[in-house]
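Shared between the two complexes below is chain A, which pairs with chain B and chain C, respectively.
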Partner chain A sequence: MAAVATCGSVAASTGSAVATASKSNVTSFQRRGPRASVTNDSGPRLVSIAGTRPSVRNGQLLVSTGLPALDQLLGGGLAVGTVLLIEEDKYNIYSPLLFKYFLAEGIVNGHTLLVASAKEDPANILQELPAPLLDDKCKKEFDEDVYNHKTPESNIKMKIAWRYQLLPKMEIGPVSSSRFGHYYDASKRMPQELIEASNWHGFFLPEKISSTLKVEPCSLTPGYTKLLQFIQNIIYEEGFDGSNPQKKQRNILRIGIQNLGSPLWGDDICCAENGGNSHSLTKFLYVLRGLLRTSLSACIITMPTHLIQNKAIIARVTTLSDVVVGLESFIGSERETNPLYKDYHGLIHIRQIPRLNNLICDESDVKDLAFKLKRKLFTIEWVQDNYLRQERNIYPPGFSYLLKQKDSAWGEGSLQHSTFLMSFLAKATAFASRLVRHSEPLKQNGSGRIRQAAGPRLWHDGRRQEAPGLLGIPP
Partner chain B sequence: MFVELNNLLNTTPDRAEQGKLTLLCDAKTDGSFLVHHFLSFYLKANCKVCFVALIQSFSHYSIVGQKLGVSLTMARERGQLVFLEGLKSAVDVVFQAQKEPHPLQFLREANAGNLKPLFEFVREALKPVDSGEARWTYPVLLVDDLSVLLSLGMGAVAVLDFIHYCRATVCWELKASILYLMQGNMVVLVHDSGDAEDEENDILLNGLSHQSHLILRAEGLATGFCRDVHGQLRILWRRPSQPAVHRDQSFTYQYKIQDKSVSFFAKGMSPAVL
Partner chain C sequence: MTPSEGARAGTGRELEMLDSLLALGGLVLLRDSVEWEGRSLLKALVKKSALCGEQVHILGCEVSEEEFREGFDSDINNRLVYHDFFRDPLNWSKTEEAFPGGPLGALRAMCKRTDPVPVTIALDSLSWLLLRLPCTTLCQVLHAVSHQDSCPGDSSSVGKVSVLGLLHEELHGPGPVGALSSLAQTEVTLGGTMGQASAHILCRRPRQRPTDQTQWFSILPDFSLDLQEGPSVESQPYSDPHIPPVDPTTHLTFNLHLSKKEREARDSLILPFQFSSEKQQALLRPRPGQATSHIFYEPDAYDDLDQEDPDDDLDI
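Here is the complex of A and B:
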């Protein structure tokens, strides 16, 4: 009943609503709706913040990560008050992209930004943000890409490949702040006027480490201590934790911390296995999460976990973060030359999704995801195509398959290829089922394991050589 | 409180055993549904509960508690529930100097101290009030979760000492004037890191496994992710004080978590498969 009431109230509200709280106790985890708000205000004020929307499952306030595909995989977006941890890929090529998409989304929505880095000046990071795709330029931009002439087909509800409806289509709509997720052009820079119009704070460690900012003694490394103090100051001064009820317009604070845990922050977990500061990073994450839970903010952290020597710390860091996404690029690995992955640049692993205000979470069923950075766009796709299945040797015949088309559904030249493959497989399937029905039971070697998956040899001579054991002749 | 889990554990809120330490353990999956179960179970059993919640905020537990039929805000108001919100207190401790010792005082110390302030907090919270009539049946300490204390700089031995002190206080204590046996229960959650080679965590887990009376172990399936079966629950009853003359009982069930309840079934008997 409670869930229905929330959904009802969510449907009734015009936009995303935040229960305004009395005292200084605003958390984004308070349930929306008149019956749950324990406020001193006269009735619930439906304050909608630009760039946020309530979650379908539990009414949690969500912000976009800047990549609509990633939002979908995370169950709608990143919940306000949580930490998104990106495990960097080996050469740190793609994780800065996700970092910049997050910040660019903040600028487009008018959120306040807090950018912290030990390597690059935050002002330079902001100069390199990707430009949002605007409606007046979109038609020209996408003439080379093949999306536009397939739009009528993309509206057809997919019957067989219904799973691919989960993947976002290329919506070339106007960019406005009322939309939830935006698309960005990685080859262009964000216009200067948008950056200047935004409210941002930068934390560049080499500058701040020498300053005499009054800092409470703490057991963290000085860099982390200063960063925590800085974040807490911004949250308190700008009223993100509800301490200033006179503020007219509520806003979200987007915090971005780059390369946390690297030696540039003064931490040695990437250098030594049992350093003296082995608890600094985990304490920092804990206190940061405490700050986020009590304020209207969301945080993205990129961390070079492949460099951390002590595997136990990685496990602890994962437990202390809310959403954990790992990037694995194919550069330098044997998969780069593998024709199976020639369209993609790497794999993306959703390692953890939090269960917030709920017993269950919106875990997506698709686990094999790959990303690619085309000229302009960063896309995430499901790679469960037939080639990957062959790599894993799980290809029993007699079943129907979800066949991924070689190019995306609205790519060119894909129709012929896919029908060829479908008929190819259909023949093999029919062949296999014929053989199953009339042949003797295959000899089992006792262990019950599948000896060899049916592969191309099925149709070379029309006879089955070694096939997965099928135990009896069906009547 | 999940009715099916009560049936499996053979308890009801009315006639639960006292003086027991229950260990909740999760490996490769999230075992927090067990914490929600025990929290609502003991609140319904009219016990005085001290909940040390180190990993999530109060509103998270209260919203899930409402789905399970208990109201944490009301329990806190009438004094049945003492809630230590770790995340909020950590922010207070780190950014403001505290006058009196704070339960999470160890966050300010560089070296691994001890958890004495936290133990004092627990003892203060579960002290029986001399009001004459006994309002609450017995005290319960619930900790979610202990592995976080290791991440925050405590050594495994310090955490084991804390549990030992708490057990001595909560499970048996004699008051000076009255012979009052405060036979309470304790429920703690520890993560099993598996092959992440977390030695401190392994020490903590093994030490607690030997002390506890009931171990509930939520594991992910060995074959990976499944939409219909979320994991496997192993229930192990132990008698730590008596010599192991008879074998400990152990059952294994698979479970699927739904919006407001958890359904349990024997291995391989998921309704989706049959």
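Here is the complex of A and C:
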């Protein structure tokens, strides 16, 4: 029985075809020197790999994660040689989607895939990939889909806080020239011929492992060892690390590992707080990162961090990965009934973005991102009441309640609003400047019911807090 | 009327609950506790699947075979295949057992079967196995057993497998219980109030939202299920009366509502920083009465000339 399920022929390399097309070029200038008599394949100096682009900020080579909205949040895409860790949601409904988008993007771009799972056969995972949307008539369907869901309140023009309307919107529909990120239809399956034309390797743990292996303490669990060996073999044999001089076009290896850390991989960090193999997962990630950094590959890992008992391991795992994205779905939680989140299925938290060859990272300053899974599309958006929530961080909570009232006399543009705002902000700045100069707040000389010059304690002990009310709680 | 026909002719609702638990296949986790025991529900499910003609294997580890078979009639007892690990769990008597590897060996052997008859495996109890075997091994074997039929290609050759596991919640920490419930297709948590048992059923279909429902039931002596309505609402001591939502705008000392005229006036208000053409003209035009207005001001003793510096510290 074949241990490794490798699929047929390599995707037709378009590199040489492009080179021949450009040979019959429009200019009659000939290059002098040794390159004049060169063959087709080494004609172009800079070999660009399909499906990648250099980052506009620091030139790092990026691949798309399959979701252009997520690419935008990560600063353009996932850097080649890094790990994208997805913290699964509680019932594991949405994280397989992100996993599949990543793999589908690899197939569409002609990258080599390596799918590893302990739960499902990789061949089955590949059968369920979403179908790509490659032509323009699908764009029209998307636009209709998007506009049907726009609520009327989003069209209120803001007169005082007009700068909030200038916040950039997230791209949710297909753009015309999408050679980098593609859009997928989650309701359709990827056509079989695309899957068969791609080059993929599968690692299904129950087939590889024999059940009676003895595990030494403080070493990797056998499942992880086998997986690392498998990845290393593929990287070496197919030349992703430059060891074999490749005759064909250089390509990217996309690695996908599903449910890493679950008990099905033989790891007991989800079962026990201080198990014998508590360093197994962190060692695996360390070795994996070394393998990735020395090869042209990108990896996506989904991990059920909500099951991990020892929270210190989660912190170590986060540090050992490069990009960490957490999914939190609203199913079964009390946020499901919160009207703020009624249009969404969950929150998406960008927990970490790497600093690759940089001193700072490209973190976007948006903190409230929510996702929703429509019938065809997985969208990531800012939570709609972002404006009012930001407002509440400046104004005391009672005031934003007044603002929310329809036809309120305290709405924007009213005299009451402006005078209140001016006096409130004046008090806030006086308080803040007093704090800066004397580093002590104003002495409370009154009865104690009303705190003197209660300003918003925005930066109390280094962390931003909710603004307190104007009436202090009597001690 | 034979007992099997009688069971099939039972009420639709009764069949629904047991059917729904068995229909999905995979691992069905029955979480019970000291107050609400789950073995009777396990036996009801075993009886139901035996009557439906499935092959039923019981791995008895926690109670003796006589105690488990008690209450079943002979027809059902003949259909059960009982593997007894209670009498001799460490195999000291060294008799020729069918499954030499203990319960784990028995489960692994069931992974390799090939006949198309649907099978129900009842684990009595999963807690016993979890306390004696490493959790990861148990999870891997349970996953292998309950997912034999999940390959899309050859789904006709191997019948559907249901694994019913009885788990005593109080014996384990959140880790193993969480790991097992992430593997389970259906999770039934037994609870109840005031003498009536309830089952909170959570169904996790793959790639779909999990559905949950609470069902009140009681089990009759012949291990058939009797579904009931929940306990009456008036008997609950802490039911809060329905408070109508308070409108906070009723007793305010200022006006929150705008009349139509006021709204129009507000909309037409030009804000101070909006730079319109009239304002531009007003600023460019030379102001007429500039020289006529003066302000005379005499500061008094308490007046603070520099409001930013209350102590007059700054030496500017």
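FYI, the second predicted complex is superposed on the first by the 290 of 475 C-alpha atoms of A that agree within 3 Å, B and C clash if a C-alpha of one lies under 4 Å from a C-alpha of the other, contacts with A are read in each partner's own complex, and residues count from 1 in each chain.
Here is the rule we use: contacts are C-beta pairs under 8 Å (C-beta built on N, C-alpha and C of every residue); 3 or more make two chains touch, one makes a residue touch a chain.
The shown structure was predicted, so the numbers you read here are calculated from the model rather than taken from an experiment.
Enquirer: Just to be sure I read the superposition right, which of the two partners does A:56 touch: chain B = first, chain C = second, or both, or neither?
Expert: Touch partners of A:56: none, neither chain B nor chain C.
Enquirer: Touching A:360, do we find chain B (first), chain C (second), both, or neither?
Expert: After superposition on chain A, A:360 lies in contact with chain B alone.
Enquirer: In the overlay, answer first, second, both or neither for which of chain B and chain C A:279 touches.
Expert: First partner only.
Enquirer: For A:197 in the superposed arrangement: first (chain B), second (chain C), both or neither?
Expert: neither
Enquirer: Using the superposition on A, tell me which residues of chain A are in contact with chain B and, in the other complex, with chain C.
Expert: Common interface on chain A, chain B vs chain C: nothing in common.
Enquirer: In their complex, what parts of chain C are in touch with chain A?
Expert: 108, 134-137, 139-140, 143-144, 150-152, 173-176, 178-179, 182-183, 204, 207-210, 212, 248-249, 254-258, 262-263, 266-267, 269, 271-272, 307-308
Enquirer: So in the complex, the part of chain A that touches chain C is made up of which residues?
Expert: Per the stated touch rule, the residues are 91-93, 96, 118-121, 124, 127, 159-160, 206, 211, 262-264, 266-268, 270-273, 304, 306-307, 309, 331-332, 401-402, 405, 407-411, 413-414, 418, 430, 433.
Enquirer: Name, in rising order, each residue of chain A that touches chain B in their complex.
Expert: Spelled out, the residues of chain A in touch with chain B are 2-3, 27, 29-31, 38, 58, 216-219, 228-229, 232, 279, 282-283, 286-287, 289-291, 293-294, 311-312, 314-316, 319-320, 355-360, 363, 365, 367.
Enquirer: Spell out the residues on chain B that touch chain A in their complex, using ranges where they run on.
Expert: Residues 30, 32-33, 36, 55, 57, 59-60, 63-64, 66-67, 73, 86-91, 94-97, 107-111, 147-148, 150-153, 191, 193, 196-201, 225, 227, 257-260, 262.
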